[in-house]
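Each of the two complexes below includes subunit A, the first together with subunit B, the second together with subunit C.
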Partner chain A sequence: MTYKRVAAASVAALMVASPVMADLVFPSLSYRTGPFAAGGIPYADGFADYMTLLNERDGGVGGVKLQVPECETAYNTEKGVECYEATKGQGALAYNPLSTGITYQLIPKATADDIPLYTPGYGRTSAANGNVFSHVFNFPANYWNGASAAVNHILDLNGGDLKGKKVILLHFNGAYGKEPIPTLTALGEKHGFDFSTVPVDYPGQEQKSQWLQIRREKPDYVLFWGWGVMNQVAVQEAANIRFPMENFIGVWWSGAEHDVKPAGDAATGYKAVAFHGVGNDYPVFGDINKYVVEAGKAAGDGSNVGTVIYNRGVYAAMMLAEAAKKAQEIHGVADITSGQMRDGLEQLEITNARMAELGMEGFGPEFKVSCANHGGPGTAAIQQWDAASGKWSLISDFGPSDMDVIQPLITADSEAYAAENNIEPQCK
Partner chain B sequence: MFYREAGDFKTSYKDDNQTFPIRLDRAGYWVALAVAFLIVPFMVNDYWVNAIFAPFFIYAIAALGLNILTGYAGQVSLGTGGFMAVGAYACYKLMVAFPEVNIVFHVLISGGITAVVGVAFGLPSLRIKGFYLAVATLASQFFLVWLFNKVPWFYNYSASGQINAPERSVFGVVVTGPHTEAWAKYLICLIFLVALAWIARNLTRGMMGRKWMGIRDMDIAAEIIGVNPLMAKMTAFAASSFFVGVAGALFFSVYLGAAEAGESFGITKSFLILFMIIIGGLGSIFGSFAGAAFMVLMPVLLKNVLVGMMGWPTDLAAHLEFMIVGGLIVFFLIVEPHGLAQLWRLTKDKLRLWPFPH
Partner chain C sequence: MSEQLLFAAEVTLNGLMAGVLYALVALGFVLIFKASGIFNYAQGVMALFAAMTLVGIQQGQIPFSHLINAIFGTEIHHFPWHVPSIIAIIAAAGVMVGFAWIVERYILKHLVGQPDIILFMATIGLAYFMEGFGDMMWGSELKTLDVGLPQGLNETVLNVTDKLFGYGFFIDNLDIVAAVVASLLVAALTIFSQYSKQGRALRAVADDHSAALSVGISLRFIWVLVWSIAGFVALVAGIMWGAKSGVQFSLSLIALKALPVLMLGGFTSIPGAIIGGLIIGVGEQLFEFAIGPLIGGATQNWFAYVLALIFLVFRPQGLFGEKIIERV
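What follows is the complex of A and B.
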């Protein structure tokens, strides 16, 4: 019983210590511990550093400072729920939990609490249908776009004919890894390749049996949906069985520097799908170095600036900041609420001119969110690793994905959700 | 002087055998119940329920279940997570298939289904004991999680293999889904916990419980005095799995609202609940509560103190949390290997005599 009393005292103290401030609050449900910390740390750093940059350089958004309270989830859904409840009272405007499992958990809760969820490149793919998922946004690209982009790349390599080819999906055996299966199955039927899956259980530090299976089945291509410690193990195992690296294609969560470096030279040629630019040749990173890292205000040690996942954190923070700005314009108030933030996300428009102003010219696509389409354009490119130079480089342009296959799947999955939960379409 | 027992006479066997033989304990029990049912529901908010009460109550139910099997009947089990998954998936299928039926029945039927599955996996316990049984139940853990990942029927063919709890109500009060009020979520968990704890207490002090304890202490001797080991072990597996199944069903439908087999019901969950009963005290109802409270509340408390009050970085706090909780577990087990329940028992004996040591 004493635990409870002390807990009560401490929670009460917490509530008193952080009253609702007139700031724009974007809680970061991060994970800097656990088997997925390798990806969680740079993402959380990028997200926080961009917000700090806006505070330091521009004085926030529309004159209001940004605040990023962090809460550690360790990629665990129970801790994710606790973090959500703990931070939502601070006036949270939007959540970006970087975990598909936690996203699934939060979709109904956040919708009921009128707080938007922004899940770029992860989460529930069918949330792209804004008609059903009023509070979830996953622009500019989702898993199914990624799966289609990978297949498009294989099509390009084979002159558009995949008949009789064998493609294996090596995936994390959880919500995240299972998402692309329906799309890849449909694409397999369309293009006539033989598709099968090989699951890797949490946390994926041991993949000997999976790679033995891959060696036995001799696939032409291996697609990979992995995250955290699982990625570097897979790349190493692929190198061990001498699988041709250029036929091994990861999704954007399996294509960061820390995933390929442990395998050394053997990782050269490994590919990954990307929905934004790579490297640090964008002016925004100069600003981050100047205003945030050198000023000693960085969330991490500053060594991650310009790495793939860090950049994605910056990109996500940029979108939220832009949406907050949009919401301020629409509603004519500087101090927006989470409901107004949702409107800002729904009417967000990213133009190339705006990207250039932000110092991110060419970093991501131009697009406009609408009530029905929360998924953005879904364009993606392929990036390839070169161990000698230690750099990822884009080897294709940002191309469209096969929406003929994806759109019916999005409609079917979202409508099943709408039927299960009695959701009325929100768009007129 | 803390306990005033003068004049507290027992004049019948019934009085002597009651759960709380000391008057002050009895009063404390009724006060705790009154506070829990009549005062707390009016004060809780979302954070308290979702971060503290709901997980504590549900883990306490699971710990009670495992304690019946491991603490009372002496059958080591590492399959708790898998059995919770059975409860959760059964509840999901029932909720979706029979939306008009009251959720309380779904939860109870899920417990029943889990009991059947538990008995099936308990059959090897007739032949194997101790560590070997632990390995057999470990196999059930992996098999069940694999099954729920592998067969799409269990998750209604959803794209990601996630199950989502639709909105259901009890007498017009919504208890699952996002529109659940904090007090409703609190009360439904509390009612299940109190009812199941009452059943567990009465099962374990009756004939059934004595048979289980006989099997635990020395199975051959128990058999000689007429305990049927088949029946004793199977009933222990059934009762335990029923509790664990109810916990799994509540865990999914009321507490989380969405779950997937590998993440929510993995081997770590089995260990977590096993640690709860070891730290709380094997073969003790109070121990199940104390263990669940320790394992659920301690991390939340530490996090709030380190991050919320002291402003430490979240990763440092998270790592430190592991070290502190781990250290406390070691400390408690060195000081009192029989768990928090035994610690409380000794404290109570001292308090009853205090301030006169003899």
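What follows is the complex of A and C.
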């Protein structure tokens, strides 16, 4: 009898707790647990909260509500693939896996399933070539744009001359961390700086020998591709050896509040490349607070609103929502399919006027996606940390990256992929 | 002295410091293994849980607030106070004692007499349970740990070595503190086990469970005691590592650093954990310094295990471990 009651209560609770079914489904392959939870939580919150905002404020997109079923990956590639398989049957329109490893595994699967992948600022860089990667989109910027933006910044600091300068890349010793090496090598040859790499193994909790090496080699600049605990330890170790923090520049995945706060005041001056705005001084965050957080509908406790990674989740959700809207316009239907969503992504145009309408004026660049270019404009800015105010600030405008160097690398890598997988160019 | 030799000396010194931190983690394993023959897979998670508890108490965080808010629709997160570091450390140590009691009462008590592998499996379950329980209790966001420990380059070492060799050595203040704390901890544990009644009982249990029971030593009390001490050691390790990286899931992975130390130093020796930690610390740093750049770097993780395996080949019980001879 007791068991029956418990079972009945459980079923009733599930029925009450289950979300109302909506038509535009964007599964969130989140990681709120595991070694990378510190970054995974605010991203998942931002992604979900923006979709909730659209539901609460606008009634969804084109009158159709949005749904964001979450599946926990713990940043584990196998779990990520399981999550994809488990959720694609719910009518998934697109995936944003938030993991380069998961993205690599999903590219052939999602392409075969006619479901687009949206991987802003991560994943396979050469997927920017839409001619080969028909179902992968990584606008507005990829790792190679990030590497170029960092080099452009140090070029600016040195009057455009880097001859004889020494630049070290401290990187995660895996696919993600190795992504910028070809670009930085090419840029080193082009600008005449001495480029070398210092890898750090997972998880990166211990980096003593790497920073002793950096102390010995006395580089002018250290570029940084880290994620998870590696970020906090690197910033602390840089401060420990008194490396000039303004010459230490991370990629956008190494530039969140939680990356610098453990080092306290010593982290002031640390820089990171950014492909979107920082802070909460945009009307959209006022709306999120009003319609989502204060209404008790936020994915988290609301404390992450306006933080770097939360903002990135919001930005990604905005892009997908805009692409869904575009797909509805193209195909003249409200309930779009994943194939139609792909078309929406491929014909997406983000203008400054539209960004202003969305309450995100100046948050990111304006651009137009095309069949051949799934990577967007590749523009990026530099943000800098100030521990006293506890804030990141953009210290440069969103500038272009060196496509003379990047485009041949994208072409070569994507064509090699096409040859390996017998892929015919999709753009006629 | 040549430049390379100076660099090597600096790396060796830093390796010794890193080794002390490894030894701190290994110490927790040794204590439990000595007293109960259990290889405690949960030791790394205990360090994480202890550090999370410390920060939670210090910052006045309400335990299980996410759960409470989700169930009751409330918006509570923090008490309106901030607890001084020393009180928070004592309170966190108290929580670890409570944890030890719960482990004994609800797990170990029911597994007395079971094969070692069963006890080991139980600690795997315990590790995963604690991982989730800790997240539920305190949240899985990164937490900044600040108990006032000094960090950064030590000026004295820098100036002295600069004067002596013309090259200032880098030593992290936090590593010096860790070395002092670890030394005090080992000294205290040695005095406790040699001269106190409970310490002697602990050693008796370590030697022979049945014989200890036959002379009236309470096995259950000893287990609570030893898990409490291991919990305290985990708290200290959590503080030292967490001060650098913040308190987050990765703290639980520091156990991986202790395994080669245990293989090398032996599972049953406190001095073995210390010496093993130092050898691993110096060995991996020197290898990375001398050979790492030639083979792509990032060698520390795997080289520590290679070093331990080499020692195992020649001395399977570890440097200071007890040689177990089972006669048929």
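Quick note on the criterion: the second predicted complex is superposed on the first by the 406 of 428 C-alpha atoms of A that agree within 3 Å, B and C clash if a C-alpha of one lies under 4 Å from a C-alpha of the other, contacts with A are read in each partner's own complex, and residues count from 1 in each chain.
Methods note: a residue touches a chain if its C-beta (ideal position, glycine included) is under 8 Å from a C-beta of that chain, and two chains touch if they have at least 3 such contacts.
Predicted model only: the values in this text are computed from it and were never measured.
Asker: Superposed on subunit A, are subunit B and subunit C clashing or fitting side by side?
Answerer: clash
Asker: Does the superposition put A:Lys261 against subunit B (first), subunit C (second), both, or neither?
Answerer: The second partner, subunit C, only.
Asker: Just to be sure I read the superposition right, which of the two partners does A:Ala295 touch: subunit B = first, subunit C = second, or both, or neither?
Answerer: Once the two structures are laid over each other on A, A:Ala295 reaches no partner at all.
Asker: Going by the contact rule set out at the top, does A:Arg216 touch subunit B (first), subunit C (second), both, or neither?
Answerer: second
Asker: Touching A:Lys208, do we find subunit B (first), subunit C (second), both, or neither?
Answerer: Second partner only, subunit C.
Asker: Is the number of subunit A residues in contact higher for subunit B or for subunit C?
Answerer: B
Asker: Return first, second, both or neither, reflecting whether A:Ile241 touches subunit B, subunit C, both chains, or no partner chain.
Answerer: Only subunit C is touched by A:Ile241; subunit B is not.
Asker: Please work out whether A:Arg32 is in contact with subunit B alone, subunit C alone, both, or neither, and reply first, second, both or neither.
Answerer: In the superposition, A:Arg32 touches subunit B and subunit C alike.
Asker: Once the shared chain is lined up, is A:Val333 touching subunit B (first), subunit C (second), both, or neither of them?
Answerer: The answer is neither, since A:Val333 touches no partner chain.
Asker: Tell me which partner A:Thr125 touches in the superposition: subunit B (first), subunit C (second), both or neither.
Answerer: first
Asker: Return first, second, both or neither, reflecting whether A:Pro199 touches subunit B, subunit C, both chains, or no partner chain.
Answerer: both
Asker: Given 183-191, 219-227 or 309-317, which one is the stretch of subunit C whose C-alpha atoms run into subunit B?
Answerer: 309-317
Asker: Once the complexes are superposed, what residues of subunit A are shared between the subunit B interface and the subunit C interface?
Answerer: Common to the two interfaces on subunit A: residues 32-33, 37, 41, 173, 199, 201-202.
Asker: Touching residues of subunit A toward subunit B in the complex: what are they?
Answerer: So the residues of subunit A in touch with subunit B come to 3-4, 6-7, 10-11, 13-14, 17-18, 30, 32-33, 37, 41, 70-72, 74, 76-78, 81-82, 85-86, 88-89, 100-101, 104-105, 107-109, 111-113, 124-126, 173-176, 178-179, 181-182, 199, 201-202, 409, 413, 416-417, 420-422.
Asker: Under the definition above, what is the set of subunit B residues touching subunit A in their complex?
Answerer: Interface residues on subunit B, with respect to subunit A: 46-48, 50-52, 55, 96, 149, 158-162, 164, 166-167, 177-179, 255-260, 262-264, 266, 293-294, 297-298, 300-301, 303-305, 307-309, 313-315, 317-319.
Asker: Which residues, counting only subunit A, touch subunit C once they are in their complex?
Answerer: Where subunit A meets subunit C, its residues are 32-35, 37-38, 41, 173, 197-206, 208-210, 212-213, 215-216, 228-229, 232-233, 236-237, 239-242, 258, 261-262, 264, 266, 296, 301.
Asker: Please name which positions on subunit C make contact with subunit A in the complex.
Answerer: Contact set of subunit C toward subunit A: 7, 10-11, 14-15, 17-18, 66, 69, 73, 75, 77, 131-132, 135, 140-142, 144-146, 151-153, 170, 172, 241, 244-246, 248-251, 253-254, 257, 284-285, 288-289, 292-293, 296-298, 300-301.
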